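One structure is given below, encoded as structure tokens.
By written order: A, B, C and D. Residues from 1 in each chain.
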Amino acid sequence: MAAKRNLYLTLVAITVVAILLWFAQENLNPYYQRILTLSAIYSMFAVTFNLIFGYTGQFSLGHAGFAAVGAYVTALLTMSPAQKVANFFLQPIVPFLRDVELPFLPALLIGGFVTVLVSLIVGVPALRLRGDYLAIATLGFSEIIRVLLVNLQPLTNGALGLKGIPSNTNLLYAWGMLGFCVFVCKRLVDSSYGRAMKSVRDDEVAAEALGVNLFKHKILAYIVSSFFAGIAGGLLANLISTIDPKVFYYTLAYQIVGITVMGGMGSLTGSIISASLYTIFLELLRPIESQINIGSLQIPGIPGMRMVIFSVLLLVVILFYRKGLMGDTEFTWDALFRFLRKPKGRNDQEGKVA
Amino acid sequence: MTFEAFMQNLMNGVSLGSLYAMIAIGYTMVYGILRLINFAHGDLVMLGAYWVFYGVAIFQLPWWVTFPIAILLTTLVGIIIERSAYKPLRNYPRINLFAAAVGVSFLLENLAIVIFGGRPKAFSRPGFLDSQIKIGNVTLVSYTLIIIVTAIILCALLIYIINRTKVGMAMRAISKDLETTSLMGININHIITIAFAIGSALAAAGGILWAVKFPQLNPLMGMAPGLKAFIAAVLGGIGNVWGAMIGGLLLGVVEIMLVALFPTMAGYRDAFAYAILILLLLFKPTGIMGEVQAEKV
Amino acid sequence: MLDQSNIFVHLAAGHNSPRPKQFKKERIMKLSKLCLVACMMVLVAGLIAGCTTPQATTQAPAQGADQQPPETKPAEVVIGVYEPMTGAQAAGGAQTYQGIQLAAEQNKEVLGVPIKVVLVDNRSDKTESATAMTRLIQQEKAIVVIGSYGSSNSMAGGEVSEKAGIPVIGDSPTNPLVTEGKQFYFRVCFIDPFQGRVMAKYAKENGIQKVAIIKNISQDYSVGLSAFFRTSWKELYGSEDGIVAETSYQDGDQDFTAQLGAIKDADAIYAPGYYGDAALLMKQAREMGFTGLFMGSDAWEAPELGQIAGAAAEGAVISSHYSADAATSPDSKAFVDAFRAKFNETPNTFAALGYDAFNLALDAIKRANSFDPKAIRDAIAATKDYPGVTGSITINETGDAVKDAVILQVENGAFKYLTTVKP
Amino acid sequence: MAVLLQLDHLVKKFGGIVAINDFSTILHQGELCALIGPNGSGKTTIFNVITGIYTPTSGQVHFNNEDISGIKPDQITGRGIARTFQNIRLFKGLDVLGNVMLGMHIHIASNVAEAIIRTPRYNLEEKVMHTSGMELLDALGLADFAHAEPTSLPYGKQRKLEIARALATKPQLLLLDEPAAGMSPSDAEELMDFITSVMQKFDLTIFLIEHQMRVVMGICPRIIVIDHGEIIAEGTPEEIQNNNRVIEAYLGVETHA
């Protein structure tokens, strides 16, 4: 009964969102479109990090590297040969990359697959490591990728980066891919394999004693995570139309960790909300830096103040919403109804369980 | 490579490595006690250097007054960070602490840009650190030796504190088992604060010497040493003071030697450093000096 | 729904009271949810505002401009500035912005309409640069944009402005790719192939026989200049034999001893890069006994270079856009004086370029006699012999400025004018 | 009766410390055998060697006539050996039913792609896991708590849940590591009855570690006593009770036994 109702509600919601996105695509100010598109891309980063860490407990800091591989592959596949030749004016591009030109969607998917392949090079050995050692190994891996991007000029154009990447990414692509990513992650997490992933996170020894193949499930989460992170990277490249290795500095991984913790470890909904708020707040705070006039009083803008306030806000959320905005709960229709209908009753119920 | 060139490079590597080591031992100590990757550590390095800059440039203080004051101020900042950002999260998953460290680091860097300005500043070396020493064909500047000596002294001091004093014993106890230690009537908060204070002081000392060697200050100057020190700490076996020292020296020497031997491969230097790290971890997952922690089943 | 007084009681109870913890947690959860809802509402409100209001204001200047600008004057004209005010390139951004501030102070209106300068920080980051440019165009309704220090940032902004059809004047991005294939991107600085040639020529004229190149391999600027220098060297000397070494370092590296160890026998070191790195490099080279000449590029120009490197920098030569010493025209002198009065320091290249970029934008608006971005674009493209403080500026068919370069030499820690090199 | 588990001269050393020294025994199908010994005598280490958490320094483990020494824990579980832990190790992130269903994950035939697409086969499997999980909980008296958090259960129920979870892997041999630890004597007794009933219901062979001799006296026909990693006695409860070495080993340790 309720299940059927929820299914219909979900379908209706998806339709409404799709129509809204389509409408926004046509009518919304490009500035807002860009912010919303970026929100979707950061959401994908956060959701994929949540899958590998929040659900599987593997502290992988390789996201900047994943994004870099996805971005470069997608960019090189979608750029026109002429554009590539113009870009590689210091050292010519290798011929096989020069001549390919693919439509956006296949390029994105190939980007995702290549990301998986590259990430497995370090993932297969490194996933044996635990906790912080895994973190530093994957962080190092992502820096190695960046160094390679800088040095392999005939493949990547080095520090000069790529420009003139067709700006294919739009609201529909970004949110559509996010939807696909969330769908896959949610289905995975809710399946028997998801239970196994959570058991690996909670207690590796016990999980193994219950027949869970640790490596298989870690690598499973890692593959799905890197695939979608690669796609998010591809979306980013085709959104800003120009990339260089500096975009994928390891600090990107820190940002993603921050966003995910803010949203709540183990909550995909939380990741999306948090990533969107992150992107939007960064923009909302901009007026702080320009001159503010209150009557005749002029407060000169202090450049850089925005980032200070933003980091304070970030810390406040981390310090006071310790389980993140959503804890480990997801958005469900039932929860929404409960929230709307009987907030008091819900309190009592939860009190009892806890 | 001639013997002189080799010695020259070796000295340069050891002096760079000593700086890494000095920052890494602070890193590793905080990690050993709280299991916290304190990414804000690198920013304390930056703060230490800036305090000295302001002491000398604005207040015209002599270096022997500024250095202790800078270390003291940085220690204070370290304590404030620990009390306000890390302590409230102590009983939460470690990822929260990690995120808080990222937030703190973000805040310090951006504050530094606003307050100190983004333009790199010149750090003036005290004269006695600037004289040239020639041993055979190897030219050294006096700071090179002073950095190495300071690093060794500080490391020995720290090991003395950890192994021989009451506070150090409490620290070791906390790193083994925080809960049990608190049951034994030891004031955990107090000890952790002391650990942070020592770590921050080391970061400041490292920062000042860093600025002596590389007399250019900018708000993001702590990022690279912070990351390198972290790698050094992991190389040596994170949580192990001697390990951090060895890891730091090793990293410094390898970085210099790699470029000296293969100048055309200089662009790949960091990639090699990381590759070595990853390979080492695969064969010895707990670093050079790390103990294997058998999990109790 | 929510008992306000209760919230405060429980929040005030603080950490020390263990009993109402459960209860408190609930409240905080609830609060957090309310915050969420509030944020969502802000977002939606913002979106609605974005959908409706700004469109009306855009049309105003653009439409009016098409016909007879002076009659239907917009309330204000927005000149956008996107510069790296934070992040790795904050220093350059800040210097450039000083020049722009001075120019804006001296010019409060154009065609009788008050000017509003909107600065947007691009955080030295490509993603942010693209967003910043979008904001300037879509939100702030800038009709012309100035920026940005750092070619990488400029390229990201350029993709956005091109699509929106808003002209941009780059102050100091010297990478050829910035204007490549762009109809709406211009710059008031020369480009790197020229700058590389200038230094190679200087080397040849001053009897340098053996040179070593040290580049920052993670900066497009440094990689590009090194390559152009090499090409020009080959043209001038007939072979590359004189380049005895080419080695590299990365962002964040501060120890160059290993790189320097390999190149002791060169007459000169060419190290195009940012001044912070360059200063350390020179200091370390001298400490290691290198006695040759240091050659650098425009990004070396900052008072801090001499302060950091001290005696090591003495005699170093760089190619640059401008020198306050060579300020011969009355405009240039006035600029230097005004700048000194306002900021209490001598303007450097980037401040001067920012100043020129801003004034060129105003000049183009005046010449177009219109606030229509397309008309302004055409006016900028047609710029010929514009008397900027950094020299006479002529925009060529690729959108780049054809202008003289100057060679500066460090003397007593400051940059002294040496000579001018014609294009 | 067929031999189910055979331990041949097992030795396990940690550095210089010998945790198990030349341990050999045989378990037959349907047997209920107890392994007792003082603290630190190596009981759990033997379990860890059998379940593959440790590889033996020398010696072999045969299960159903197959040498399983040195293979990975999850594969050993797949062969039909399940265990519980001395310190309860339930998965906090899964509810009670989820903990049990996790135990069945090892038998899932659908692959990941099928799980994500939710093919009819996967849906059927999930449904079967759900119903048999509920049945299992029902049989062990935990059905009412199916959707509770495992840590919210009372201690005794957590023990039962660990057993239920182990049973979900459909084992032939069940290893119980001090199931009665931390329980009052009456609760412990009740648990032992529960274990015998489970054993019959699920047709199991059980190998059980216990610290207190008294708990297993009533139900285990055969008892092995070890000290310092070596077998010091083996036999029926009566034989053990009167064994001098056992009394010696326990003297001063078990004052209240």
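Just so we're on the same page, a residue touches a chain if its C-beta (ideal position, glycine included) is under 8 Å from a C-beta of that chain, and two chains touch if they have at least 3 such contacts.
What you see is a predicted model; the values in this text were computed from it and never measured.
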Any chain in contact with chain B as well as chain C:
A
Best-connected chain pair, where connection means C-beta pairs in contact
A-C
Need the central chain here, defined by C-alpha centroid distance to the all-chain C-alpha centroid.
A
Per the C-alpha centroid definition, the whole-Å distance linking chain B and chain D comes out as 48
If you average the Cα atoms of chain A and of chain B to get two centres, how far apart are those centres in Å?
31
Mind checking the centre-to-centre distance between chain A and chain D? Centres are C-alpha means, answer in whole Å.
42
Distance between chain C and chain D based on Cα centroids, please, to the nearest Å.
69
Junction residues of chain C, two or more chains touched
85-86, 90, 93-94, 217, 250
Which parts of chain B, given as residue numbers and ranges, touch two or more other chains?
110, 113, 118, 223, 267, 270, 297
Which chain A residues touch at least two other chains?
147, 150-151, 205, 303-304, 307, 354
What residues on chain C touch chain B, complex-wise?
85-91, 93-95, 217, 245-250, 252-255, 257-259, 261-262, 275-276, 279-280, 283, 287-289, 302, 304, 307-308
Contacts from chain D onto chain A in the complex sit at residues 51, 53, 72-74, 77-78, 82-83, 85, 89-94, 98, 101-106, 108, 112, 115-118, 122, 125-126, 129, 148-149, 152, 165-166, 168-169
Can you list the residues on chain A that touch chain C in the complex?
24, 27-32, 34-35, 38, 83, 86-87, 89-90, 147, 150-151, 158-161, 163-164, 167, 236, 239-247, 273, 276-277, 280, 283-284, 286, 289-290, 301, 303-304, 306-307, 320-321, 325, 327, 339, 343, 347, 350-351, 354
Looking at the complex, which residues from chain C come into contact with chain A?
1-2, 22-23, 26, 28-30, 32-33, 36, 39, 42-43, 46-47, 50-51, 54-55, 85-86, 90, 93-94, 97, 118-121, 123, 125-127, 129-131, 134-135, 137-139, 152, 155-156, 158-160, 163-164, 175-177, 180-181, 216-220, 222-224, 227, 250-251
In the complex formed with chain A, which residues of chain B make contact?
31, 35, 37, 39, 85, 88-89, 92-93, 95-96, 98-100, 102-107, 110-111, 113-114, 118, 223, 227, 230-231, 234, 238, 267-268, 270-271, 274-275, 277-278, 281-282, 285-286, 295, 297
